[in-house]
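Worksheet: the structure to be examined is printed underneath.
Each chain carries a letter (A, B and C) given by its place in the written order, and its residues are counted from 1.
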Amino acid sequence: MTALGWHLSEKEWTEWLRVLLESGIAVIAPVLGTTGTSEFQRVGSAEEAAAPPPSRTAMSPKKFLFPQSEVLFSFDFSGESATLSQPEMERGRQLLVGLRPCDAAGLRRLDEVFLSEPEDPTYSERRQRTVIVSQACTQAGQSCFCTAVGGSPSGREGADLALTKLEGSGDLLLEPVTAGGEELAAPASASWRPITAEDRAQAARQAEAVTSAITREPLPPNAPPILASSFDSPAWAEVADGCIGCGICAYACPSCSCFDITDSGGAACGSRCRSWDSCAFSTFTRHASGHNPRADQPSRYRQRVMHKFSYFPAEHGGEMMCVGCGRCIDLCPAGVDIHHAVLALASGATLRVQARSGVKA
Amino acid sequence: MTKVELRGTVEAGARWKPRVVAFTCNWCSYSGADMAGTARIGYAPNVRLVRMLCSGRLDPIFILKAFEEGADGVLVSGCHPGDCHYVQGNLYTRRRLEVFANLMEFVGIDPRRLSFAWVSASEGVKWSRVVDQVVSQVAEAGPVGSWAVLHAPSTLAPQPRQPAQPPRQPPSEEEVRQTTLNLRELARRLLENGEVSRIIGYAHSAGGMSAAPAFIDTPEDAERLAWSANSPGNLTAYLSGPNRARRPGKTAVVVKTCDARSLGGLLRENQLPRDEVVAIGVSCSGQWSGGRLAAKCYACESDISPLADWSVGAGGIADGPHPGTARAVAPDPRDAEIAALASLPAGERLAFWTGEFDRCIRCYACRSACPMCYCETCIADKTQPQWIPAASSGPGNFAWNITRAMHLAGRCADCDECARACPSNIRLDLVNHSISRSIERSFGSRVEADPAAVAPLTTYRPGDPDRFL
Amino acid sequence: MSATATLLPDLARITGARDETYDVRTLQIELVERDRAESFTWRPGQFAMISVFGFGEAALTITNPPDEEGFIEITFREMGKLTSALRRLSTGQIVGVRGPFGNSFPLDEWGGRDIVFVGGGIGMAALHAPLAAVLRERDRFGEVTVVVGAKSASDLVYRGEFDEWQRAGGARLIRAVDPGGEVDGWDGEVGLLPDVFERLGLSGAETVVVVCGPPVMLDFMLKATSRLGTPPARVITTLENRMKCGLGYCGHCSVGRFMVCRDGPVISGEALATLPKEL
């Protein structure tokens, strides 16, 4: 990496986004929706992208790489020939900005799933035309626990460019993380100032402050093996007591990668789609005979926790398949808390953990 | 693109003609149509007939499916009231379709696409007249495309929720604390003397919910129970269906007044025996979050439901339903929002609702959180036939949301749990509430907590509103 | 197979069909494109994802042994959406094929050994390809026994091939039906397959036992073989989890870290014992 990074004013940053937009790059950023929550959306103006709302988006940005529903191909048998045709893919590049470091790290987990042999063609195609700009957090929510799973509010995993907003001046530090990121920024960088030691010191202070604002405990380092041997623990029933199997957790999660494949239309013409799926659903594993290897909700929730904190780490050098974004905790309609669940299982005492969470009164 | 030659040819594409699917009962309307045929009374050829034994068999999902499969209009026809082969099937259908038609109108579907008629076996002439009228109406409305209108992105921004002045104050911290202590006290007692084997209540949580469901099986564990001014979650959802978390013996459940309505519903629908559940009514002054009162609470008249076996409040524990003193209520803010939507032109309403449903991620949290969605296999999970397209896109999202709404019509307890659970903040509360209001307008009845009360769509009256031709 | 995996099936034409029972059918299928057909090579135990367009896709074992160039065979029981649609198709019609996927039976390790195939119901479909491969090179192996079981006599699959299997010292055939499933004149065994297997003492320390059937049967077979002294490493089975992609991403078929499509479907009793009890 040649460039060490640039110091931009808000105006310069906005201006750069404008240049990118005008060059035809699709810019995707968190936008405050009419419902009061923010969501990643394709934006029309640089101003919209330059000032993301402070709240974390309700859903992760994964749909821009792994759409919730995508047509794999359509088929037409109604004429004189049977044809399968794949939809035209968009060809243009897309820039994802305003991702929290956990979001970018979550997309990296998807890479590990979809880009390992054999590579998923549509994911890979989208990935190749995507540049990811992550932005260091300035606030931590009560459900955030990136630090518990090896991440950090100023982490760079999965990002092509890392952005830090300096408190006070509102200026931005833009640092290339990958060659792709540098390549995108380089043409505009001639007029940008380099990052100074003072800038770095301030960024480090900010990162330190956010990190210490995260109250959730780190996981014990041996959590994956403990979990692996806790498959039959009665605690599963307790941590997943209230789980109603709605699947929100998987849909909101930046790293969940499971999908379903379904046909629509009739025998003459129609299409085949792949759509997100969730191990929380009873239909996820149910055999055609009706037999279900995961017959109850706790066993389904166990799969969720085990996949992320035991099975995946075992195959990826200890790396968790959870980046601690806290979305599933915030959105779960039944108050199930994956961080507590893992701590509970790893320590062997669920109720103690619940008690620690502060039963006031 | 992969391609293989097949034998055979296809019809060449022709100019658009309206396609109408007519669902007819076997005994009257189908025979009426048949008679029109044999008597050589002509009628528009654009109608495909689907014969059912009785118009009472008409599930609104048939109508949605017809649209989805390319119908431009739908006609439902049965025996005249009083003439039903099965005595009253058509009278139930009249109620159900009244509600459905109102819902379709509310979401902005052109009313010209949906018609109902009474046609007897001898009314070949009427059949012909009805069909001609329906076809020309549909022709005016134009092609529905491949339900493509539902793919059209919304152009209309959703209305911001306008919080009205709440009629009450949130409870004080002391009240909440006392209520919690009293809840624990009662729970301990019930578990200690073996009156119940489990208590489903709330506990504090550090996560997204201020109070999360808790399942308490021992007196010691009763310490985890808590009440807070924001205790969302209708815990009666754990009493039956796939979420069922009852224990052998009696299960006690902590209920707010709204939650008790679904308990009444479950009892009415025989989902659990009354003597296996103990309702702990907790004095609720409304659900407060971020200083805002939940919409469902504005007009809620009683802090304790009449179904309560125990009443728990800051003041103490009482046997049976002991509501506090009369309290202030205000008009339900959802009504104003519904009225605002209803005053828009149909096209804008449709744009609003397709915009809402567009955000549906098909997680089915609305169903999972709903105490009245207790089917072991939901229609959304049935694949033969695939009633509801599985992919999260226009037609499937529309079919899912409308079908769920109809399945809750006359049963929805108005607890707004679906809307709370929905991660996409879709205004499911307005859909359900508009149905409740349309039922009230049409039939003068609402969903009651009393298990003995008759549910509005399981009955009929001779003088019910009748929009059948 | 290429480094990228596709969810786009190849079009294939049904070139033959026969009913095995009232609800089990065998289809012969040929890929339409010549070069695709030629590059489609498989090993016994591998499976394909078969599509009926408009109805979906399902994992089905390829039941014919690899050298019958040009076509594959599948045998399936009508269970649900896809399999019902598939059953309605006949010769000349188009389906989709993806694959082949998964690992295969370790036939090389079986040389010189006695082999017992135990197939319950439609489970026999998974054993058909390795059985045919073994019979083709009959001399390489010791005694070959085939135990075919079903809930009733009319549910026995591959009845038309029984004679052929037994011809010229090929295989010893034992037919069994569940108690109550026998018809008048039934001359086979009566009893649940693992019981019949144990009663007849069909395996020993050196035998290879190849089993496929419903999950409960597998459990009992593992117990029966262990009582007869067959080490779990030599009990081989194939798993049939719900599966969507066949490529290792969709998440449906995982049993702990084991993915049936990637690490299976063929697995030994020994490896099975290390998996979480989630079958």
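To be clear about the criterion, a contact is a pair of C-beta atoms (placed from the backbone, for glycine too) under 8 Å apart; a residue touches a chain by one contact, two chains touch by 3 or more.
As the structure is a computational prediction, the values presented were derived from the model and not from experiment.
Steps from chain A to chain B, minimised over paths through touching chains, total 1. Set against one another, A-C and B-C show the most C-beta pairs in contact at A-C.
Among the other chains, the CA centroid farthest from that of chain C is the one of B.
Chain A and chain B, compared by their mean Cα positions, are separated by 33 Å. As a whole-number value, the distance joining the C-alpha centres of chain A and chain C reads 40 Å.
Rounded to whole angstrom units, the spacing between the C-alpha centres of chain B and chain C is 46. In chain B, the residues touching two or more other chains are 2, 4, 6, 386. Each of the following residues of chain C touches two or more other chains: 8, 11, 80, 94.
Touching of two or more other chains is recorded for residues 77, 82, 84, 86, 260, 262 of chain A. Residues 1-9, 11, 51-58, 79-80, 83, 85, 94, 96, 214-215, 240-242, 244-245, 247-252, 254-257, 276-279 of chain C touch chain A in their complex. Looking at the complex, you find that chain A touches chain B at residues 33-37, 58-59, 68-69, 77-86, 142-143, 241-242, 244-248, 251-252, 260, 262, 264, 273, 275-276, 278, 281-283, 297, 329-337, 339-340, 351, 354-355, 357-361.
Residues of chain C that touch chain B in their complex: 8, 10-11, 13, 32-33, 80-81, 84, 94. On chain B, the positions that touch chain A within their shared complex are 1-10, 157-158, 160-161, 176-177, 180-181, 203-209, 211-215, 221, 223-224, 226, 233, 237-238, 242-243, 245, 361-365, 367-369, 381, 386, 389-393, 396, 417, 420-421, 423-425.
Looking at the complex, you find that chain B touches chain C at residues 2, 4, 6, 383-384, 386.
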